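Note that the chains are named A, B, C, D, E and F in the order they appear, and that numbering of residues resets to 1 at the start of each chain.
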Amino acid sequence: MNGFAHLPILPVVWPLFAGVLLLALRRAPLPVQRGVSLAAVLALLPLALALIDATADGSHLVYKLGNWVAPYGIVLVADRLAAWMLLTTALLAGFALLYALRGIDQEGRHFHVLFQLQLFGLNGAFLTGDLFNLFVFFEILLLASYGLLLHGGGRLRVKAGLHYVVINLVGSTLFLFAVGTLYGVAGTLNMADLAVKLAATPAENAALVQAAALLLFGVFALKAALLPLYLWLPAAYAHTSAPVAALFAIMTKVGAYSILRVYSLIAGGDAGPLAGLLDAWLAPLALATLALGMLGAVAATALRQQVAYLVVASVGSLLLAFGLGSADAVAAGLYYLPHSVFATAALFLVADSIARGRGRLGDAFESGPAMPNARVLGGLFFVAAVAVAGLPPLSGFLGKFMLLQAALDTRLTAWTWTVVLATGLLGVIALARSGSLLFYKTHGRDDAGTQVAPTTAALAPAAGLLLLVAGLTVWAGPASDFAAAAAAQLQAPQHYIDAVLGEAAAGDAR
Amino acid sequence: MEALIALVIGVLTAGGVFLALRGQTFPVVLGLTLLSYAVNLFLFVMGRLAIGVPPVISAAAEGYTDPLPQALVLTAIVISFGMTAFVIVLALKARAELGNDHVDGLAHEEDR
Amino acid sequence: MLITVIPIAYALVTLALALSFWRLLKGPDAPDRILALDTLYVNTIALLVLLGIHLGNAIYFEAALLIAMMGFVGTVALCKYLLRGDIIE
Amino acid sequence: MTLFFAVLTPFVGAALVALVSRLGRAHSAWAAGAVTLAALAWLLPLFPLPFEGLTLVQQQDWMPALGLNLAFRLDGLALLFAGLILGIGLLIVLYARYYLSERDSMGRFYAYLMLFMGSMLGIVLSENLIQLLIFWELTSLSSFLLISYWQHREEARQGARMALAVTGLGGFAMLGGFLLLGHIVGSYELSDVFASADHIRAHPLYVPTLALILLGVFTKSAQFPFHFWLPHAMAAPTPVSAYLHSATMVKAGVFLLARLYPALSGTPEWFWLVSGAGLATLLLGAYTALFKHDLKGLLAYSTISHLGLITLLFGLSTPLAAVAGVFHIINHATFKASLFMAAGIIDHEAGTRDMRRLHGLWRFMPYTATLAMVAAAAMAGVPLLNGFLSKEMFFAEAALISESLVGGWLLPALVTLAGALAVAYSLRFIHDVFFNGEPVDLPKTPHEPPRWMKVPVEILVVLCLVVGVAPAFTVAPLLAVAAAGTLQAPLPEYHLALWHGFNPALVMSLVALAGGALIYLARRPLTDWHERGLGRVDARVVYNALLQGTFALARGVTRLLDNGSLQRQVFFMLAAALVLGVAPWLAGGTPLTGDRDGLPLDAVSLTAAGALIAATFATVRWHRQRFVALVTIGVVGLVVSLIFVKFSAPDLALTQLSVEIVTIVLLLLALYFLPQHGAPERKPARAWRDGAIALAAGGGTAALAWAVLTRPYDTIAGYFLENSVPGGGGSNVVNVILVDFRGYDTLGEITVLALAGLGILAMIDGLRLAAPSRDDGGRSWDPDAHPAIMATLTRLLLPLALMVAVFILLRGHNQPGGGFIAGLITAVALIVQYLANGAEWTHQRMPSDSHPLIAWGLGIAALTGAASWLFGYPYLTSAHGHQHWPVVGDFELASAMAFDLGVFLVVVGATLMILLQLGGLHSMPRIKKEKS
Amino acid sequence: MRRLLPHPLLTLTLALLWLLLVNELSAGHLVLGAVLGWLIPFVTSPFWPERIRIRHLPTLLHYLGILIVDIVRGSFHVARLILRGPAHLRPAFVEVPLALRTDLAISLLANTISLTPGTVSAQLSGDRRTLIVHTLDTGDTDALVAEIKQRYESPLRKIFETGDESC
Amino acid sequence: MTDILLSLLILTGAAFTFIGSLGLARLRDFYTRLHGPTKATTLGVGCLLIASALYFSVRDEGISLHEVLVTLFLFITAPVSAHLLAKAALHLRVKSLAAVPRQRGEPHEPAE
């Protein structure tokens, strides 16, 4: 095994090591802790890029943990999709952490440990090739997210946190019911092996495995915040601290990722009772999610609530793309995914600066005092709003364009077009209203003493995230090509299966 | 026996669901605990029921039951323990922050 | 001989379980219920020991040991709650 | 990529302009001028190309796989518009320099203006339709910034939002249209689109394509019924109005009509939709303009009307009409820009734009008045001015078309009426403002504006005159090349001259002039009639109603779903699970019961299960008597462990038992701070609903379990049983799976536990809870905190319990046990010391900080996994082997044991951390207070 | 020595218990038992503030013998009472004045009382001089008190508090 | 012989277990109920454990004494539990058939 052979595990255990180190360093001077935390997050970037590079040729890197062969041991599988998710996470995490370093990390305890372990959970979920292990990493990222969500405390935050925790506990229960049933029928947990076994399910077990697979979908739908399971999201995202809300931009994508990963394998083929299982569910629900999310954004009474609803809407767009199912549509979704992550994260960070700049009034949609440094803040808000609304020329528009184009060849063309275009307009109306209210409709009195001027350190992470959006726009060609290649890879699950199980066939046990 | 176990799982689920739908934190915690019992049992019996054949390798053993669901349930028990502990403390935190033990922080008469 | 004795023993222990549980449901006071739970734990130990003899497998010993330990802790905690409210103070 | 750079220049320039504004007010004006000239400089060398009959296309890959590339095109039409945008843009830059007041930020204004200019330039120079749309939307965005420039004014904010909403609507529709067009053609490049014109018009998707694109065009060009946003956009500073509503923003719509004319026109659908909207807009705009008292309002409606005129011309679908349309685009740009600027001067110098107060300004500003009057005459279509020429071509086309139409007389009549109305409102502009008696309390005494403010107007007015007098020597080549670019075909025969002989068009012109004068004379009764009737109709009302309706709908729907209730969320989740779990069975074909044989029932199991079920019911029934519910749930946990024992899972039973007790201790700790009795149910119906859901969920899981349990299955279990001893070095297969086969899961699992501990610590930090001084029955607590008998004997038990823990830890690999259970036993043994002896006593005897335990545990587990890297094996690869030590003898040592030790430490640490944090909740603040 | 081997008796007991626990008598486990027997008291010695000294071993052994007999006797006695039915019971609370002074001895007495015929120690007074005992069925409370003091308390006093000197 | 002894032990153990619980169910106040489990049940389990030790010692031809540990544990803890339960019942003034002594036994001040 050469040195690169361990590449797939590194993005997972690296934050774990960092978390443990930070736990040991909990009494070390603050700059040391921050430095370690930041360095650890930054180190994820070259790892993710290396994975992008290693998977770019279409290969699946299979990593046998404990040197146990699949399907008996747990394997990590890095393909284009996984690498794409890891890169998105690494980029996002860097900027979210940078924003936290302005003092938010000191509003509660163990922020950095929780942050690192959150990344441990996320990266683990993106790389695992085992369904039960996916559950385990879901729980890690959830528990870390509980801690982060509640970081700093406060009435609304605690209430939102309680709702988030309870609903996710119910979701985890459902996950186990689903995994259990699948194991009870197919006798395996490895996703590739499950794909093989489930495809061969006899007819007398059809409804059973379908029920299990759909229950699993329910779990992923909850994480992804698909209608009607998104109600936890607006409050949770709107009331947590800004860097956490920014980091959470990736959380819903874990659900979306899981849907894509699991169902491209177990329902991706033409055979078996699961073929095309989600066709009837995903796209229609995604359309409704998009519509209701955007209506929520229109109805919002405060900026962060609005952004949270825009996250719901972005989930709708994303899952719509995945739900349409064609390679083009999935490619559109995968291109749109990092965009929506960066854009909503940036908007959360800007919203926080706005709330601080307006003093007691916070981010409520009411006429308030003029903000200090409003020009720069307004500029950032404008760009972030354009990005989130999916307006030209930024990548959100390009993603939407890809989606609409891809929808042309599907059975939901009219619905997709109507909803996507109409919600696009609603987004514009909603954000124009917010911007106009927050930045333009100011009254002369200022709220001296409570207003905090945004510093460069506060604005830079948001600007950085927006630069990522700009990068996705300028290099839309290569980015969308990679997304298309990843989508193509998902459309041919047999390669994944062969890569994972091939070695078992070769008899390389241990 | 299988029917009895299915019934037990069903009853635990039903009880858990009912309590999880209550409006105060304490019964919700109880409900989640019942649900975790239900799902742990469910996951466990996915290896089918077998008596007297624990998966401990020995010369005298007459056979072994499927060890994998047991390992999974062990993991699940530990995880749900951590989760339950967290939610219990969160219930206290909510009680402190919201002033009562309603899940939405509402006074009794505002119950939704 | 064991073959006839063990079912009888099972029956007795099972009845004991049922009686303890009945007391647990009946109460009427909290100490009654704790006592019933504690007794249930001990009954369970009896059941496990019987099971071990019945199946000829010593593997159930640890469970019995643990029930003895944990049952005690549970009872202590529940009593302490009744006495003091704050069980760790 | 010259064209690309030309488009890019204003965007880059915007930043530059904003930056130099720090150096001084005028600097940004100079910079803006320089940027405009720079953009022009990129283009000027290319301008001869269209005149040579060439079309320049420059292309750069962007998203080639999707047909979206950076592609620019310079043909006659693009040339005309680029010239207008930059030329008039330059004049606006100059004008605004003097128009803006001291309070207005120059940098911001010019930066927005440059953004807008670049966007416009992008539209007209685009070869790729999607790229065109991108710039199209950018004009909407940048015009939003420009219109709301005076952001403190309510009408500026509203006007900007309205413009954005309406043009945004059109933009999204147009995106759909372009996508369809690209789908039909297979490319978004204009060259390909033009080449497929016949294919497009014959395509079944032609009508939706056309409709969507026209929606974009009509909203942007303020065609009826989307015209209403334009007057409200007049809240912008006048230079902005002059720019947006003469040569740029609204012209983007008609530009697109011209641009796609070769591909889409010539069908009945095109004819009726385009000319119908154009005619309606023409009439409505002209009519409304007549009654506007605001100078800019009059000009705004006049603009709407002229845009209708141009649209109507393109709708007529004859080459000549198209030429006339292009010609009127030019003419309208010149006279309307100058009129807006003049209006701005009047506003600037007189302090109002209200024509009921502005009278007799001739006396104060004769020079400006002259310029305005000439421009207004051009607008009215008075001979010798450019407006007359294109309007006459328009009349001629209208007359010509009428011959081939049923009821054809109506069109010439209506356009003549529109011409008359235009004459009337132009007359009103001239007569009311400059003559018609004395001004009515003006805020300022008007006078001529600064010299350089007039220059742009002068230039434009001179253009109106020169073109009007000698079109053939001035505008003809430009018109020819622009018309050719529009038609993408050889030009029709036409003749630019003042005099075409006595023909229907001339008659119509004369009737319009005379009729206009008559209408103006009858303006008072007309105004009364208008204000009683049509004047009250306002499209904006509909818009506002729609908008308010949308907001109300959004609020309603959102509130309907999301009422902030957790119970509802859980309900949704469960309902979703039920639907998803049941749906597959509805199709039928799958039997619930399989054909696997089951185990026989026995009395002990039946009794235990009965107890479990009864205890579950008791927990539910008595959940409000919380202490009792705790006891009953304890029974449930106990029976669950019994089930594990019964069905051959000793490890599970041990774990379940330990977890059970810790959970009960936790719940007791929590219950101290919670009400000991729950509040009664307020909504009995809710309990019934939840009961139904609970029964359904219970039935569902029972059925699922039954379905699986009665079916045979193949499993990978055999591998673990075979490899546990040889491969994992342990005979307890469950433990070997946990620490070896699936050690990665366990690593995750202990991370969860560590996270729970740390999360709880973070959560409790600083938490204060009032400790009840009495129990629920009102009794004060027993004064004896640590009963001596309990304290003494539990101390005795500690070594015993620890030894059991070590025993369980060490044997775990081969017999039931392991790090997790051992950890829990240890934690429980220590917790009992707290219970029996108190926190203070215990803290004096052992370290109270569990962090090191967690850190060491996680670290050991994680690093044990990494150790295998040193030997070239994947993460978590275990090693094991027999050891022989003297005296001690043979024993098996596995790296998995180190891993299990890590598990042990984390479990001890996390459990202690959780329990002690919770236990210290009441006493912690007290101790802190004592310290300080 | 005291620091290195804080509780030799405990060490011995634990080593023995370890062998019971593993159910195996081998050299390896002897060593391991000894190591644990040393290590655990060493680690937990702060929890054992006072050194437990057995002052009179023969009395202890005798006491244990009595205890086992009494437990069996007591259990049969209680069983009979239970089977006879609740109507025939004469329950009572009695107060036992204590001569014992150390917590350990008092606790062991309380445990002994609870394990033996028909009595449960219910409450220890705050001054630790009186033990309230509940009895299931008694006619003569004074006789019961006397029996407890004579049969259990005085040997315990001898074992843990006075040893040979006072006896 | 072993078989008879074993059977006797098992039957005695089971019978005591039953009688202890019978007392718990049957007697009329908390304090009298407390006696059944505390003694009879403890002895019952003790007998069963000895039976188990005997059984495995004979079967595996080696001594099996770890059951002693459970017995030891029970004999130390059961009286403590009983004491705490009685103390709690006295504290809560649970109904008693016997006259409850004047609460002289209550300490005058908190222990710490």
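Here are a few things to note about the model shown:
FYI, contacts are C-beta pairs under 8 Å (C-beta built on N, C-alpha and C of every residue); 3 or more make two chains touch, one makes a residue touch a chain.
Just so it is clear, the model here is predicted, and its values are computed rather than measured.
Common neighbours of chain D and chain E, listed by label, are F. Number of steps on the shortest path from chain A to chain F, with steps defined by chain touch: 2. Taking the CA centroid of chain E as reference, the farthest chain centroid is that of D. Chain pairs B-C and B-D differ in how many C-beta pairs are in contact, and the one with more is B-D. Work out the mean CA point of chain D and of chain F, and you get 69 Å between them. Chain geometry summary: the mean Cα position of chain A and that of chain C are 48 Å apart. Centroids built from CA atoms put chain F at 15 Å from chain E. Taking the mean of the C-alpha atoms as each chain's centre, chain C and chain E sit 23 Å apart. Taken residue by residue, chain A touches two or more other chains at 132, 136, 139, 143, 146, 150, 153, 162-163, 166, 170, 177, 180-181, 183-184, 189, whereas all remaining positions touch fewer. Shared contact sites, meaning residues of chain F that touch two or more other chains, fall at 15, 20, 22, 34, 36, 42, 64, 66, 69, 73, 76-78, 80, 83-84, 86-87, 89, 91-92, 106-109, 111.
Counting partners per residue, chain E has 17, 21-23, 110-111, 121, 124, 126 as the residues that reach two or more other chains.
Under the stated contact rule, the graph of chain-to-chain touches falls outside the line, ring, star and complete shapes. Touching pairs of chains, sorted by label, consist of A-B, A-D, B-C, B-D, C-D, C-F, D-E, D-F, E-F.
On the side of chain D, the complex with chain B involves touching residues 563-568, 570-571, 574, 596, 598-602, 605-606, 609, 612-613, 616-617, 619-620, 623-624, 626, 629, 633, 636-637, 640, 643-644, 646-652, 655-656, 659, 662-663, 666-667, 669-671, 673-675, 678-679, 682-683, 690-691, 693-695, 697-706, 708-710, 713, 715-717, 720-721, 724-725, 731-734, 737-738, 741-742, 745-746, 748-750, 752-753, 755-756, 759-760, 763-764, 767-769, 814-816, 820, 907, 910, 914, 917-918, 921.
Chain contact summary for the complex, chain D toward chain C: residues 603-604, 607-608, 610-611, 614-615, 618, 627-628, 630-632, 634-635, 638, 641-642, 645-646, 650, 653-654, 657-658, 660-661, 664-665, 668-669, 671-672, 771-772, 775, 781-782, 784-785, 787, 790, 794, 801, 804, 808, 815-817, 821, 825, 828-829, 831-832, 834-836, 838-839, 915-916, 918-920, 922-923. Residues 10-11, 13-14, 17-18, 21, 24-25, 27, 30, 33-34, 36-37, 40-41, 44, 47-48, 51, 59-60, 62-63, 65-67, 69-71, 73-74, 76-78, 80-89 of chain C are the ones that touch chain D when the two sit in their complex. On the chain F side of its complex with chain C, the touching residues are 3-4, 6-7, 10-11, 13-15, 17-18, 20-22, 24-25, 30, 33-34, 36-37, 41-42, 44-45, 48-49, 51-52, 55-56, 59, 64, 66-67, 69-70, 73-74, 77-78, 80-81, 84-89, 91-92, 94-95. Contact residues on chain D toward chain E in their complex (touch as defined above): 783-784, 787-789, 791-793, 795, 798-800, 802-804, 806-807, 811, 833, 844-846, 887-891.
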